[in-house]
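Each of the next two complexes has chain A plus one more chain, namely chain B in the first and chain C in the second.
Right after this comes the complex of A and B.
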């Protein structure tokens, strides 16, 4: 391996200049996890709610009970809309389903009457089942289809409730379940619902602050990158649908109990709108916001009685306003107001010495190999019989003019495209084509030509997403904040902090990622890729848009990564960088290998010089 | 009995197909699936009933005013809910903005017109009662007229070809100097009229009822999913098939099963052939 020219001096030089920022992060012990300021408002709201039956009359207890029940549903919906970005617009259907299931089972219309609690349990099970069924389109298709399938489900549930008279009572309806003592009084039912609401809040709060919560946001804002980090969209979404469906149906059962008598009219689409807007007003990716949204939207018609008929219309106006004026929600507006300027003259100062614990290349083998790979889009042969080898510990440069198939080759390795012929192997075993979410576990990480990050999340959280596959705790463990989950969080936060310092972004860990400069995002993506503990790292034009001194530091960083045993595929246009740090170079032109060899071979290659280097 | 299932199935199916074409017409010009499509169908029925039955206007005037009002609603959709979010890459935004507008329309109707279904006038008053009742053949005729009209528009007029060019490649069309914005507005006006025609011709079948909007939103989208986004022929075949299937299931196994069957079929088609049964598979972009 060649050394990058002037390896030492500029590194030390710049380390001096930016020492303030670099030092701020070194040695600081970061306490990660939910902060007290996140928890306190939630505790305060529930503590206040405890006082409602003592301080007011039955009417307000009813309203408060309704708010608690709505929140049980919205808390689950929040994970789906606010975190995963899946627009479930007809979620009232699951409330209806839960209400009817509970009422019918308690009334004994189809089988011997069940105990109300057992009926609530069955309703929750039915809710998860249908939650998944309705969500199936979301696993593969754009969110519009999911919105449609929830709308369709809402349509048919109402039709069935009306038509299935022998069971649901049709338009006449049927009595809701009465809970046993001590929950049969107004205050009793309220405390029961409040207890469930508190439990659901706790569960979703824990999830939101776990690797699953971050992965959901990653799927929402950077789906392609999430897949490259090994996050499986179908698995994660199904878990969320199970949970959200169960709590929505449970809320339905409680709702029926509160109403004492239910008819299809009680479940209008307006309710869906209320749930939906409560999440959006509160802001995406928050628990407190949607909780406040639910409480406010439930109370509002009580205070503005003349407007009650117009409430849904006004909600819709509000929705349109949010979309047009502040698509990021209120949380985003507040953040913009409160942010302090970042230091303007900050520099990215990688500390390659910190890479040691981040890179653990243990296995040995032939590395990644492409054999006679072919892929065409329509009539264009994007990749036309390319051979390529990336051994561990080496830097393989891939260059060529625009449209020569460099990024397509990279996408073939990382599984986004399926080759029409030829195969991609890792240590002589074939890599499954078309399954990008399997690459992280195989030890292959990548960065993107246009950085794909989550703007709303902090830099540290962005990097932690890279470590998703290294978490041990299951979805339920995260929900309950079990010890294994807390160990995961500490491990991920520590190693993300380390990765950030290694690439030179230690001082920016708590900053929202959308405030970073373009060049910093490139290094952020490298830190994120390192979190998977890759044996191979594929870099798609990492130097594009970087200043000369940044390119130079990037070169050193890549060399240090490779020196520790990681194989690197470097797609680049900066010929200087390629020739300075690569062990092997392949030149593509029109999807074919024009030349391959050491940098010296390539530099002397007549065709390459005339066609590309000039 | 078979005849009556076919007659009512084709009639309902034609309404679904027209709503599907409404979706497609807006989609082709903007790549936006708008939740106002079903509401336009609902408005067709409500305006028709209000103008002809309540105000006593002649049918032809009532129809013209209905078409005009819905064209206006289409244009408002474009200005308020589509244009502002077109620049954004985030497709969530158009789902939300068009949904918000659709809800506003629905609520306005619920408040001003009432939440009870109201009767729709007999347009010609022929064949009342039996299978030859106008409520069975009017939607089918309207659907055929719209299909023929669109074919003529797209093939034989300059404006129609410009529509196709925009639908095919927005950037290239603009580069050629086509007035993309005006064409988009025109498309939304056209979509408004098609939706209005769906509601007007199917008025006797569906009545003038505010909740038809959400219903048509879903049942009008099923043909689009079956036929593939932007594929009008697919939407017509899908819509008629859906209508007949629904009526047949209604008759033989009851309404509950019919609803479930349609929904399950919808999910299966989405999962098995997301590009629609008549659509093309699009390569994924990374």
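Right after this comes the complex of A and C.
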């Protein structure tokens, strides 16, 4: 199944040539990191918010405080839903948890009363712990199965709050924590919450523009490719669960303080829906969109006071409206850059001379070897005792009829399948089966039969994802935009730009990837694979759908890559390409090696000619 | 080119289309007669796929005329064009991976009379024995090339009057490419009109009656497939030079 719609691209108008050049020039000049145009709206919103207590009465300050608190939660949830694509619905559970933890600790129901700030800290810790607990099913369950499990958790938390009367006050509830001066007034509490909201915005913004943010989107849109780039789903998701849980519980503590008195009734299912829909109408993979979504959803019932009882209905109408008018959410409506026309006549002109800094093959071992590999699906032997060797610096062609096991063999090398017998070794050391995310570190990169890219991200960002394993900054460093993180970003952007120019896509760096043509996506995948600095690169039908001149340039590019020491496994149906550039060719038929040898041997092989070449 | 007294089955004139404000196709004229294979070639981005999408009603056209079997298809959506007898095999082996091979074909036979469905499916499978043995397997378990076969088979189930194939060779082994194009030839001989988008130009020209080359959204060349210096003229057409006064 194809993950991304591949349009025949709307970019043929030659009148648009001029703007193309302007676009390319911008791409060259821009260094790295978020653009000012991404930051300015956020700054403007918070600057406006600062004025609220000066310009209005206590009632609106209260509403604004609530919006700020909701955003603290939604900002974290946004990373889960909008970036990682995990449909966590029941996040009101963490708000409840945070509210009760803070209130109980400040009231001193179980131990000596804590200072409100300390209680907020403990609530955030508890929240991160439970955030992981709620999130763990996401590593196994998909889409709405995971959504259901989060709803279940929400129910459990409410029931505990009701039943554990000695601590939580049961249905009667308990007073919320009162913050010390100067945060005990309406305006004081508002500024406190606004400050935390700004901090959370900054942290998630930094994260979104880091290799972790890109990796989250990669897991959402192209999980298989993300694993091949060495991105570990469990580690990354758990980091996000920690963060989202902590800020949600923190929001809970602030919420309790705002409410002054909490009962389980305060944490309705409607709130969960509000949080979820704020992200949806905001748009995936954006910070600004969900922020606006949260503000709108918080204010909406106030402007339509008689309709307050209909809030869920209003959310539903708003959601439907957004889905119909702007399926990409508010963020998409605000996105002007990607409506610019693209240049016509974009030939892909690789520049192999630029490959030198991208390829650094150091060791000189035996290369990849497959020995007596066997794998069946059901009763069918997909791969039946295949032997294969890919030395460094050589191009090994793998051909054969459709369904003969070529892609399966490639998937065995890159760790998606476990062979039932036999082993795959790299320099005589076994490669761990069933662990695709380890391959990038071993120096094995790959491309896919149908390109697996992130349509919503720019071409440059797509290529930067390939370099995820080369980043050195940790998750917290990325959140705080520490120097090491900024160094990573510069390094990744520079080397991604270089890789794009090397494969001949230099002028398209800033374009959204889903606007590219099929043939360009093939070269994009090669650029992304080069970002891991591979010793071996596995290409799955890179020439499919390419025009003859593009195939010829692809052939030269592959040869230049191999000449610099990288080993290439080339699965292809274009026999001309195979015979022109391969050093060795293996022919598979029905999962077995039908023939192996030099291109000349294969061309003359009787059975190959009759079974395959025709 | 075959000269017949009958009007062409598909008759396009002055067609312009694109995505939103961006025009991709500019004034395309194209005809395909019953019992004829027309190869549509050109560099990537020339607008070949866009043209097929416009014909099958997936994209609205902004100017020009599309007539199919005497009917005006300007306003027709994908559903009407399918009912009128146009089958469009889209690029990139897109099938329903969560459903079995047989169910995929049943979906293609969606609005055929109940009694005919199984016979038509068997007929489509008869062209691809390697699919016939996997009829109960899920689409996802097929290899990339087998998925492409299935996509082509889906196009055959309805016995279309016009079959549009968008790069049927992508991901197929050379033997299978020959087989798919052989099937196309057989259908042509039975009177089906075929519009073939293909990057393997030599193979496409071997089965086609006529060739139309697009470059930058315009027809750059129209010629019979057995024209003597076709290769040279095609090469020029690929670079966007428009031939004047040919045909």
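We adopt the following convention: the second predicted complex is superposed on the first by the 565 of 614 C-alpha atoms of A that agree within 3 Å, B and C clash if a C-alpha of one lies under 4 Å from a C-alpha of the other, contacts with A are read in each partner's own complex, and residues count from 1 in each chain.
Just so we're on the same page, a contact is a pair of C-beta atoms (placed from the backbone, for glycine too) under 8 Å apart; a residue touches a chain by one contact, two chains touch by 3 or more.
What you see is a predicted model; the values in this text were computed from it and never measured.
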Touching partner for A:575 - first (chain B), second (chain C), both, neither: second
Touched partner set for A:224, first chain B, second chain C, both or neither: first
First (chain B), second (chain C), both or neither touched by A:425: neither
Partner chain in contact with A:547 - chain B first, chain C second, else both or neither: second
Which superposed partner A:377 touches (first chain B, second chain C, both, neither): both
Partner chain(s) touched by A:458 [first = chain B, second = chain C, both, neither]: neither
Contacts of A:109 with chain B and chain C, given as first, second, both or neither: neither
First (chain B), second (chain C), both or neither touched by A:160: first
Chain B/chain C common contact set on chain A: 377
Residue ranges of chain B touching chain A (in the complex, touch as defined): 33, 80-81, 84-85, 88, 90-93, 95-97, 99-101, 103-104, 107-108, 111, 214-215, 217-219, 221-222, 225, 254-256, 259-260, 262-263, 266-267, 270-271, 274, 283-284, 286
Touching residues on chain A, where the partner in the complex is chain C: 1-2, 6-14, 341, 344-346, 377, 399-404, 406-408, 449-450, 517-519, 541, 544-550, 573, 575, 611-614
Sites on chain A touched by chain B in the complex: 85, 87, 89, 133-134, 136-137, 140-145, 147-149, 151-156, 159-160, 163-164, 224, 269, 273, 280, 309-310, 312-313, 315-317, 319-320, 322-324, 327, 377, 411, 416-417
Partner chain A, residues of chain C touching it in the complex: 18-20, 22-25, 43-50, 53, 91-98, 130, 139-146, 148-149, 167, 169-178, 199, 201, 216-217, 238, 240
